[in-house]
Structure formats: structure tokens, C-alpha cells
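Read through the structures below before going on.
After this come two complexes, each holding chain A, first together with chain B and then together with chain C.
For the complex of A and B:
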């Protein structure tokens, strides 16, 4: 009896493993994406902690220079490509079909293929460290001619190039899939005007991914040919290094937006829900989003100001970089103004999003300084830059995607994570984040990617502060995830819509189970009559009726309506 | 845990994606550490592609029916066709990146051999004609099945397949060995590197196209196409014409200027 029970249990486990291996369901694939991204985050975070340990004191010998170079490279590649990008894709996998009322993505099998290629490419990259001769040690930019066989002959480097190729394939397939789904599989009633902001952000993300990853793949093909077949594209003295720079940054700068757009989409959703109003001037917000997308493919050369490009190129790309900051500020201001005079609920997701707004402001301002070639000459290759992009990546993107996880966790698991624990972890992680990265803005004398510094440089106390921050921030981020996981131990506790979210994913029969489409999928959603507002769904419930009245009388401004709603 | 997803539709699960992804990973892994492993990867990919062939021919995943939907502004495109067009966008960007790299490398080089010295224009020209004709055969196949003419479809597809294969035979069997005998190789300098890489990638695309046309032939002999149901012919046809168009760029860039 006992044994047969065990056999049954074993069968159930095997069945569920088979289920996960063969699934093409967007919810399950989304969960796989999120879990895998968090796993890689743990790996890449450990690399980060190792680097901070090495830099805790001057002239440290914790990591040899070669080992340190590998941790720099792996930390960067993993965090940007294998953690932040797929975390956004994972959330999109789960949420976008629900938000547009589609049964699944347009090509479910290709979606599964995207996930598995992503997983295997990540395993390839991490295993490159264990190859004889070590892993890649070039930094995540893989600059030429350092990336050629003459300078990095180890097989681990070649394996990393292969991993990147496979990852490009994964993201390209994903972008085709999402764009097709959103263009062709919206349920009746979900017009472009009514498309939820998070779905809009995924449209722009995927459009950029479709544009950016193939040129990277082209560069990687040239690089593989250099490494396998003895060609000399990147070791050539006639412009080989610049060729790689061009191909890499043509991908690399849009990649920044591929990472940050889903985060901005999450912030907009969370602000809408917790401030109980649509995002400030929704149409303008989306137009600004589109403008950032459009401009972001024309700024890549600002990563190459110090490569000796000629003066007119400097001027052009300085101008485009300043130009892109205008719509981007519009997006951030739109988010901030959504909160103006609103009745805000400060739950965990909301707190993370507020932190993300703080960090995107600081990270953005320190970034736009680089648009001026003169300043870029001074800041390039210093920890100031490191601080800048960590505020955008580790701050904005990671905080906002964590917020997305907390926000949609009740939808995914029927459970609400512990609120008090969540808020405590948030405070700790936000404070330690700033202890970790704020000192970087003062380390103008410290070069990037160098494994140690001298005691005479006067950087010891700043570095130690950053290391202390890192020792708190890492575990805090882990605890934030742990808080989510711990909620699974309890029985389902949350109602169908604990945050009172008003986008389509919260409606229909409440069905947090895996693998079934919601009742809204594939059925027409009737827009309320006489609604002129684009954010029609916001005014479907009775509590929103007062808002709609004001919409109909004034017809325009976003926050005016809601401030009237608050007063009423 | 299991009752949570017992509503899952069984037909939607398949091992093909994980096997295909594993195959590609093993192939790439094999390139780096141990070449025979790459062969194993190739075999795994072949098995997965065969699974996809079978699923496609049995229409295992075809019952996914589109419901009432907002499609503006692309009401006239099926989702498969939109997917193919987006795929072609990514292909254009890969080839575009490589062609730009070629032009960049050529312009920044101090010297570059005259095309006719290193390239056999006659062979290139005949390959151009062959590939163009194969596109014509593809169009013939599509128009035949539109009229319900299954025999015409098969003739057109066989024509496409043979001409595509002839292109590869001329390129890989005659032209490349001739260049190698002349000392114009992939590692003989940037002119050779760019030529062999770009046309090699193009040849790989022709090869993939042959597999896809083979799939269409396979399905046409299993009664898979009718005058109303033949979207796969049109979609794979789009890809085939794209590969043709890429050659229209590569031929003058390498053989004529």
C-alpha cells in the first residue's frame, strides 16, 4: 500500500515534469522564463558579490586579475541578457495574452522553442567558465581585437560567442511571436487605442528586439568565422576594431531600451492601479514611448565618442542623444504626474515602482551628461559610468520587474506575499542599493573593469562603503524573491483581484491555475457605451463612474479628471 | 499540484521545441569542444525537424482557431504570413548587417582585387539564372494549387527543389573548389573572407529552403493541400523569393564590382 502510494506520487512528479518539458502554454512558459531568469540572477549576483569582495580593500588578492575579468564579463552578460531581458519577456508571456484577451501567443510552439534556446544558451555561457583556459574575459562588450583568437584563445570565449548566437535566436523568435500576437490576436474590443500600457511597452520592446538582435547575430557570425575559420574581420588593422564597435553598439544601445521598456510598462500598470487612475495623458505617453523607440536606434555612436570618430559624427550623435532624452523625460513625467494629488495605496509593488522612478531620474540625468562629448571624454571608462548604468539597470529595471512580480503574483499563484515582510525588505534593499551604487558617482578616478586599486588613490573608503552596500543588497534581493516563494506554502489566500486592478488580465473568471485560458480569451469584450476615453476599461466599474462623468465633460487632461474624482 | 492544470489541452504539448533547442545547443557546443558532438547535434536537430514535419502534415496544431479579433491594420494577413514577414525583417537585418560590414571592410582596405580576377562571372551568372527560374517554378506551384491543380503544384515544387539543388551543386561543387585551387580561400584575406562568409550563409539559407520545399512536397503527396488550404506554400514561397532577392544583391556586389 505504502509503496504503491509512493509509486503514484513518483508518477505524479514525472507527469508534472513531462508537463513542464512539453508545454507550449504561455502561462507555463512565462513561469519557466521567470524562474530561469531568477536562477541566472543568483549566479550573476554571486559574480557581482565576488567583484565587490575583491574591491573591498586596496591591493586585494581575493581574485586574480584573470578571474576578476571573467567575473566582470559574466556578471554583465548574464545580468543584461540572461536576467533582465528574459524577466521582462517572462512577465509578458504570462500577462500580455491575458491583457489582450488572446488564447495564447500566436505561435505557441515557437514560444516554447524561444524559452528552451534561452535556457540552453544560458547554461552554455555559465559553463564557459569551467572550460580549460577559462571563460570570456573581455567585458560584456567583447571589444575587438580582444575578442579574436590571438588575444583570447580559450575555448570558453568561443563558447560564450556561441551562447550569444543562440540567445539572439531565442529573442528574435520571441519578438516575432509577440508582435504577431499583439497585432493579430487581440480579442474583439481591444483596439490599439485601448491596448493596456504594459502591452504597449512590450510592442516597443519587441520591435526594438527585432531590430537590434539580428545585427548582433551578424557581428557574432563574423566573430565565429574569425575564431573558427581563420578570417580576419576583427583582427584586421584596417578598421577591424571599429567594425565590431559599430555592430555591437547598434545592438547594444537598443538593448538598453529592450531591458528598460517592460520595466516602464510595469511601473505604468502599478501606478494606474495604486493611484486608481489612468496614466497621465495616455495618448501622449504612448507617443513619447514610440518616439523613444524610434530614436533609440540612432544614438549608438555615443558609446564610441572616444574611438576617434570624426567631429561631425560626434555632433550628430550628441544631438540625437539629447533628442531622445526629451521623449524619455516625457515618459517619466507622465508616470510621475499620474500620482499627482492621487489617493495612493503604498503596497510593496508601489514602493518598488517609486524607487524605480527615483533611480531612473538619477540614472537618466547622469546618463544624459554623456551626450556631451567633452564630458564623455572625462567620464568614459570610470566608475561614474558604472554608477550610471547600474542606477538604470539594477535600480529601475530590477526594482520595477520585482514590482511586476509582486503585482501579478496573486494573479499567477492566487496568493499574496507577506506585505510587512515585503515592505521591510524593500526598505533594506532600496537603502543598500544606494549605499552600493551612489559612491560610484564619486569614483571618477577609478577605472572600470580593473581588478584592484592602490591605497594611495584615496578610494578605499568609497569602495568599502560600496562593498558593505553590496553585502546587504544581494541578500535583500534574494529575500524579496524568497518572500514570494514562501507565500506558496500557504493555501490560496488572495481574492481574484486583490489590488483592484482594472486592466483586462484581472477580469474574467478568476482562474489562477496554469494552463487554462481565462473566460475572456477569445470572446468579445464589449466596450462601455458612449465612452470617448481611450482607457475605456478604467471606467467600467461603478467606482469609476464619477471619473467618467468628468472625462465626458472636459474630455482631455488625465489628472484633472481624477482629482475631481478624489474630491467627489 | 496536478489538478491545477488538468484542463490543459493535451494536444498542445510537444517535445519538439526542447529537442530542437537541445540539438542546436549540442551542435554549437560541438563546434567549440569536440566536432563529432556537432554531428550528434545535427542528428538531434534532424529528428526534431522530422517531428515538426509530422505534426505539420498531420495538422496536429492546426486546430488552434482564431476567434473574433481586432486585426487593424493587418486584416488581410494571416498570422502565419505576418510571422513570416517579421522573420524576413530579421533576415534582412542579418544580411543587411553583413553586407554593410562587407562594404565597410572593402572601403577601408587599401587594396581590393578586381572582381573578375577572383570570381567566375559565368558560373555566378548561371547560378543567378537558375535561382531566378526556381522562383518562377515556385510561383507556378502556388498558382497551380490556387486553381486546385495538385499535379501542377508537385511539378512546380519539384522544379523549385531541383533548381535550388542545382544552385548548391554549382556553388559548392564547382565554383568553390575552383576558387580554392586558385588560392582564393576563406582565410586568404578579407576579399575571400567576406565572399565565402556571405555566400556561405546564403547557401545555408538555400539549403534550409530546400528542406522547407521538401516538406511541402512531402505534404503534397499526403493530400495536405487544396485550392483553399495552401497557406504553407505561399509562406515558404515568400521565404524562397527572399533568398532569391538576397542573391540579387550578393551577385553584383561580389562578381561585378
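For the complex of A and C:
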């Protein structure tokens, strides 16, 4: 019975294309999101490799300036909006309903609509480069008035604007869906106090998305009006350029956190499971998380320090930027201190998360340096900035979301990826990542988005180093994904809870696709009144029944954890 | 050839060094703690370890407050230091501005307008030991006027006049110092090649050059 069900499920997954096209199931939509995001990652990563190839040597002619500008634009737009954001949403789609014991998202059909809007907007964006006259060549920031029809008349630019509008629609629908689900559809016993950290991170992500994407959509609608109807919102010399800056960065800065929050949530989950400790000072951790969310809508002007805003604005936004770094530092320290007195198992997801802590710390402190307007007058628009945000985006977010994929892979596919191969790829990707991006911190003399540089500039060796790093990092990232895919060739092997995870997605088995709860331990048990730390305690007293409570000499209760290797 | 470091750049360097040292110490502490925890508390083969239950009632909020306080102290002291240093980095309008240059950026060049009506393209000649105010604007898209070795920049925005000021280093005799000016804002296909040269010469040499430019202009208009 069990077997035949699994076989049926496997058949359903592999063969039913119609099923995949019409699905509203959160697990399937989650998988679609993840697969699509990885596809766009391959596209955007190829653009990145093309850029590094062009910049490998001085005065290179591999890409002409116009081609290079399009490559820059597509790489940025795709990586931030069509890769990292949806990768987090994809994991959330699969995991959040399981973590809160919900049957599905609150609006399953809207969830499917979010996905398909996302997919088509991405196809629109990528196809824009094949339009006559080329694609967008303004950089991902689409600064005005370069984005108006007077300066970028090509249809590809208009198509990119439409793609962005469609994408903001997708994210806005998704954010409403997730917030409603988490507020309304939690199962009995999943109180706010016990809400798993990853789900908390999605609450903050989606709240921020709901706040940040409408200003972008407003800006894009005004821009469409400029491009289609001949209005002059952004081509006006009376503040058109600044208006776009304001609207864009009012979205753009929170977007950074929209990308990073799910990553931080994954790190917390992975640390809790493989360090066998709850996250350090859970309440403070969540409060600090909330503080970052709240403050992140008040820092956007630090992207505009050099636009000639007045002195008091400079100081105000310098202050808010430093203020946000305090709770953010609290979140990172909370993650590090989770390892204190822990029992750390160093496997692939754990290693990626530790690397993500390193990159978020380095990316964070280089960000704090830019919070000082005096310093930013030089940093702004140079490769120092490029280094900073790649440490946060390509480092923290990508590493942590990869860790999330490795961590939840047994949940999604009932298979474990090859551990040794995984660790080797991790080491290669981490080292090459630093070879690629660390030199950027020394390239203050190199403006962003230039398609080539002269031999006399003294930037040749740094650029060559970065390119070598890129040639290793790209394939390593691809191999990390390949390792996951290769595990699918093996028959299902891992049990329902191979990592001894303690959140509900591991301990309960609420299969949304079947529409019924298989009442294993966890969902059925009411947790003790004083349980605050999610299901941490819950699991140990129910589904992990083989674990026996012991009391140590100081009177603390706990259990004995035997590590692997005793029998072998 | 060693050129003098402009005062705005040396201010910048001092503040950067201070902030970077503090940042690196912070990085070292966080990473040191993390690596220590990994080594100290890693799972060892064949070991049986007592894992205490999570403190169900008592959080560790107090510890978090302590850590937050430490970082607040560090950041506040940095803010104070930065407020002291920012006027030196030319944020306040210079009290005595002895010279104003109109900078007009367009796709893809910088036009420099001198007080007496002389204009130059992508070539800025300035007298030494002078406080210069740049009045920066653009006639088409956004550009960025970046004085690389001076470590200051400002956006050139159509319809808007942004101000940036520097003090040029003192120059003796026939010495000339040359500096780079780049555009830092993607402004179209010519962005890569949008740059200019700044040459700082002595006051007499500057006067002589300006006079020769004036002569060119008068003879041009006269003819």
C-alpha cells in the first residue's frame, strides 16, 4: 500500500505534464519556482561569465559597449529579481505550509497565477535582447532619463519595463498569499510564539515585498506612460531623474532585504538542526529581525548620497543606515551564538551556511563603511560597491539558499545528495567566490559598468584574478545544483526525518497534495504550555520518542545524543 | 612620479583607515568566535553528548541586549568621528571660494566653463593651492563627475546644479600634476570612454594659459 502510493506519486511527478501545467498545489508550485529560478540563474550566470570574459584583459573587444551594457542590465535584473527572489519564494512555497501545518496556501490558484506571471515575465525579459534594436542597456537601476524613449528608443527596453511590471504583480500577489496563509491557516498549536524561524523570515520578507513593490510598479507605470503616451514624468528637467531615483530606491533597498531574509531564515533552520541548539535568544532574534524590516524602508536615500541632496538629508540617512546595522548585527550575532555549546555536524548545508555568515559579515561591514557620506563620495558607483553587494547577494543569499535546497532536498525528493561531492564543490565554490569578488574591494578607481579599461589604469591584474575566480565559481555553482539532480537517479532512500530536524515539516507529515493529514506524532500532540521555541520541545516529546529525557548534575533536563560512528 | 595627495583624499584615507580597522576588528571577532565554536563544539565520532533542553521560559534576551549595547557604542563613536570629519571632506560650502567652474556633462564628454567665458572639453586646467567650486549639471541623461584621486564625486543631473568643491594642491614653478576624471553613472554606449583630464599648474602658468585661451576666443569672434 505504502509502496504503491509512492510509485503512483513518482509517476504523477514524472509523467503528468498536464498536472504540472494546471497545478495549484503548493509543493508542485514550489518546485516549479525553484526549477525556473535555477534556469534563470544559468542564463544570468552566463551573462556574468561573458562580462568577466570581456573584462579579463585591458582593451578587450569580446563584447562591444552596447552588448556589454545589455549584458550588465540583464545580469542584474535577472539575478536579483528573477533568480534570488523567486528561489526564496520557491522554498517558502514548499516549506512554509508544512511548517505551519497548513493544507496549502490560502489562495492556491493565485499562487499558481503568481508563478506563471513570474515565468512569463522572465521569458519576456530574456527575449527583449532579441528584439530589433536590442534590449535594455540602462543597468538594473534603469536610471531616468536614460530609461525614457528619447535615449532608449528600442522596443526591447519597453518590453523589459513590461516584464518588470508583470513581475511586481507576481510578487505582490505572492506576498498577499503568504501573509494571509501564515496569519489564517496555521494548524492548532502553531502559535506566533512557536512559529518556526524560516516562516518568520517569510513573514518579514512578504510584509516588506507588499510595501516595496507598489512604489516600483508606480514608477514603472509612470515610465510606461512616458514611453507610450509621451508624458514627461522622467524626462522632465524639473526633478524627473530624482523622482525615478526616489521611487526606484524606495523599492530597491527593501528588495535587498527581500532577497536576504529567506536566506537568514534558512541559516537559522540549518543551524538549529545541525548544531542541535535553538537559535540564540529566539525572542530577541525575532524582534531584531522585525526591527530590520521596519528600518529598511527608511534608508533608501543612502543610494542617493551623491545626487546633491542637502546636508541634513545626508546626515539623517547616514544615521538610519547605521541604525539598521545594529539589529542586523544582532541577527547575525544571534546566528553565530547559536553555535555556542552546540553539537555541530559539519555537512554540506551547514558549510554553506557558515560561508554565508562570513560573506554577510564582510558584506555588511563594507556596507557600513558606505553609510558615511564622506566615504561614499568615493565608493559610490565603483567596483567597491559591486564587491559589497555581491558578497551579500551572490555570497550570503546564494550560499544560504543552496544550503536550503540541500537541507530540504530529502524532504522534497526523499533522497540525500552525495555528501563528499557536495563538500568538495562547497570548498571550490567558496574559494573561487572570494577570488572573484574580493579583488573588487581594491578597485575604487574602476567605475561600475564600464565595458573595458586601459592597460595604464593598473587594474589589469585585479581584473584577471576576478575573471579566473569567475571561471571556477560559475561551474562550481552549476555542479552544486547538478549534485542535487544526480541524487534523483537513485531510488528513494532517506527516511522522513534524516537530519533529526525538529520543526513541523520534518516531524509532522501533513501531505497537502493528498489533502489529508497523516497523523504522525507532532501534529496530533498538544505541545506543553511553556514551549516557546517553536516545535523544538514538541518533537522530542512525541515523534522522536526513542530519545529519553535525562537530567544532568546541574538539574537541567535534556537528552543524550550519540553521534554516528559508534557502531562502525 | 609622485604627486601630492589632495587634502580631500588624505581626509578620506584617514577616516577610511579608522573605519576599516574597526570593521576588520569586528569581522575578526565574529569570525574568530564562529571558528572557535565550530572547532570546540563540533560533533566528534563515537561521542555521547548531553544536549540540554531548550530553556523554555528564560530567553537569553539579556545577552542580546549586552551585544546590542556594545555595537551601539562602537557605531555611535564612528558616527561622531564621521561628523567631525565630514566638513573636511568638503560637504559644507567653502567659506571663501576663489574660483567657480561650470561643469556640463553630456553624452559623452565634460564641458568646463571658466569664469571669464572660456570653455574647454574634457580638459580641465586649474591653478594650484586654490579652492575650486564645481557647478555640475547635465544636458541629457544622468552622469557622475568623479575626481578619482580627490576621492569625491557628484551626480550630473539634467535641470539641476549640484555643487562639489576641492582644494588643489600647491604647485611650484613649471611642475604640473595630472588627475583623472571619470563618469561613474551608466549613461549610454559611450559611458566607458567618458573621461577627462585635470591638470593642476602654478598660478602664473594658469593665468598665462587662460590669457592664451581668451586670445583664441577674441580672435575667433573677431574673425
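The criterion applied here is as follows: the second predicted complex is superposed on the first by the 497 of 568 C-alpha atoms of A that agree within 3 Å, B and C clash if a C-alpha of one lies under 4 Å from a C-alpha of the other, contacts with A are read in each partner's own complex, and residues count from 1 in each chain.
Please note the rule applied: a contact is a pair of C-beta atoms (placed from the backbone, for glycine too) under 8 Å apart; a residue touches a chain by one contact, two chains touch by 3 or more.
None of these values were measured; they are calculated from a predicted model.
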Practice problem: After aligning the two structures on chain A, examine chain B and chain C and state clash or fit. | Solution: fit
Practice problem: May I ask you to decide whether A:219 touches chain B, chain C, both, or neither, giving the answer as first, second, both or neither? | Solution: first
Practice problem: With the two complexes superposed on chain A, say which partner A:361 touches: chain B (first), chain C (second), both, or neither. | Solution: second
Quiz item: If you stack the two complexes on chain A, which partner ends up touching A:151: first (chain B), second (chain C), both, or neither?
Solution: second
Practice problem: With both structures superposed on the shared chain, find the angle between the C-alpha centres of chain B and chain C as seen from the C-alpha centre of chain A, to the nearest 10 degrees. | Solution: 100
Practice problem: Mind working out whether A:313 is in touch with chain B, chain C, both or neither, as first, second, both or neither? | Solution: neither
Quiz item: Does the superposition put A:481 against chain B (first), chain C (second), both, or neither?
Solution: neither
Quiz prompt | Partner chain(s) touched by A:238 [first = chain B, second = chain C, both, neither] | solution = both
Exercise. State whether A:137 touches chain B only (first), chain C only (second), both chains, or neither.
Key: second
Quiz item: So, A:423: does it touch chain B (first), chain C (second), both, or neither?
Solution: neither
Exercise. Would you give the minimum C-alpha distance from chain B to chain C, in Å, for the three-chain superposition?
Key: 11
Quiz item: Taking the two structures together, which residues of chain A meet both chain B and chain C?
Solution: 236, 238-239
Quiz item: Which of the residues in chain B come into contact with chain A in the complex?
Solution: 1-2, 4-5, 7-8, 12-18, 20-22, 24-25, 28-29, 31-33, 52, 61, 64, 66-72, 74, 77, 79, 82-83, 86-87, 89-98, 101, 104-105, 108-110, 186-187, 189-190, 193, 196-197, 201
Quiz item: Residues of chain A touching chain C in their complex?
Solution: 65-66, 68-69, 72, 137-139, 143-146, 151, 236-242, 275-278, 280-285, 288, 306-308, 311, 314-315, 318-319, 322, 325-327, 329-330, 332-334, 336-337, 339-346, 354, 357-358, 361-362, 365-366, 368-369, 372-375, 377-378, 380-382, 445, 447-452, 528, 530-533, 536-537, 540, 549-550, 552, 556-566
Quiz item: Across the complex, what residues on chain A touch chain B?
Solution: 12, 15-16, 19, 21-25, 28, 103-104, 106-110, 112-113, 115-117, 119-121, 123-124, 131, 155, 158-159, 162-163, 165-166, 169, 172, 175-177, 179-181, 183-192, 210-211, 213-215, 217-219, 221-222, 225, 228-233, 236, 238-239, 243, 246-247, 250, 513-516, 521-524
Quiz item: Can you list the residues on chain C that touch chain A in the complex?
Solution: 11-12, 15-16, 19-20, 23-24, 26-27, 30-31, 33-34, 37-38, 41-54, 56-57, 59-61, 63-65, 67-68, 71-72, 75, 78-79, 82-83, 85-86, 89, 91-92, 140-142, 144, 146, 148, 151-155, 157-160, 162-163, 180, 182-192
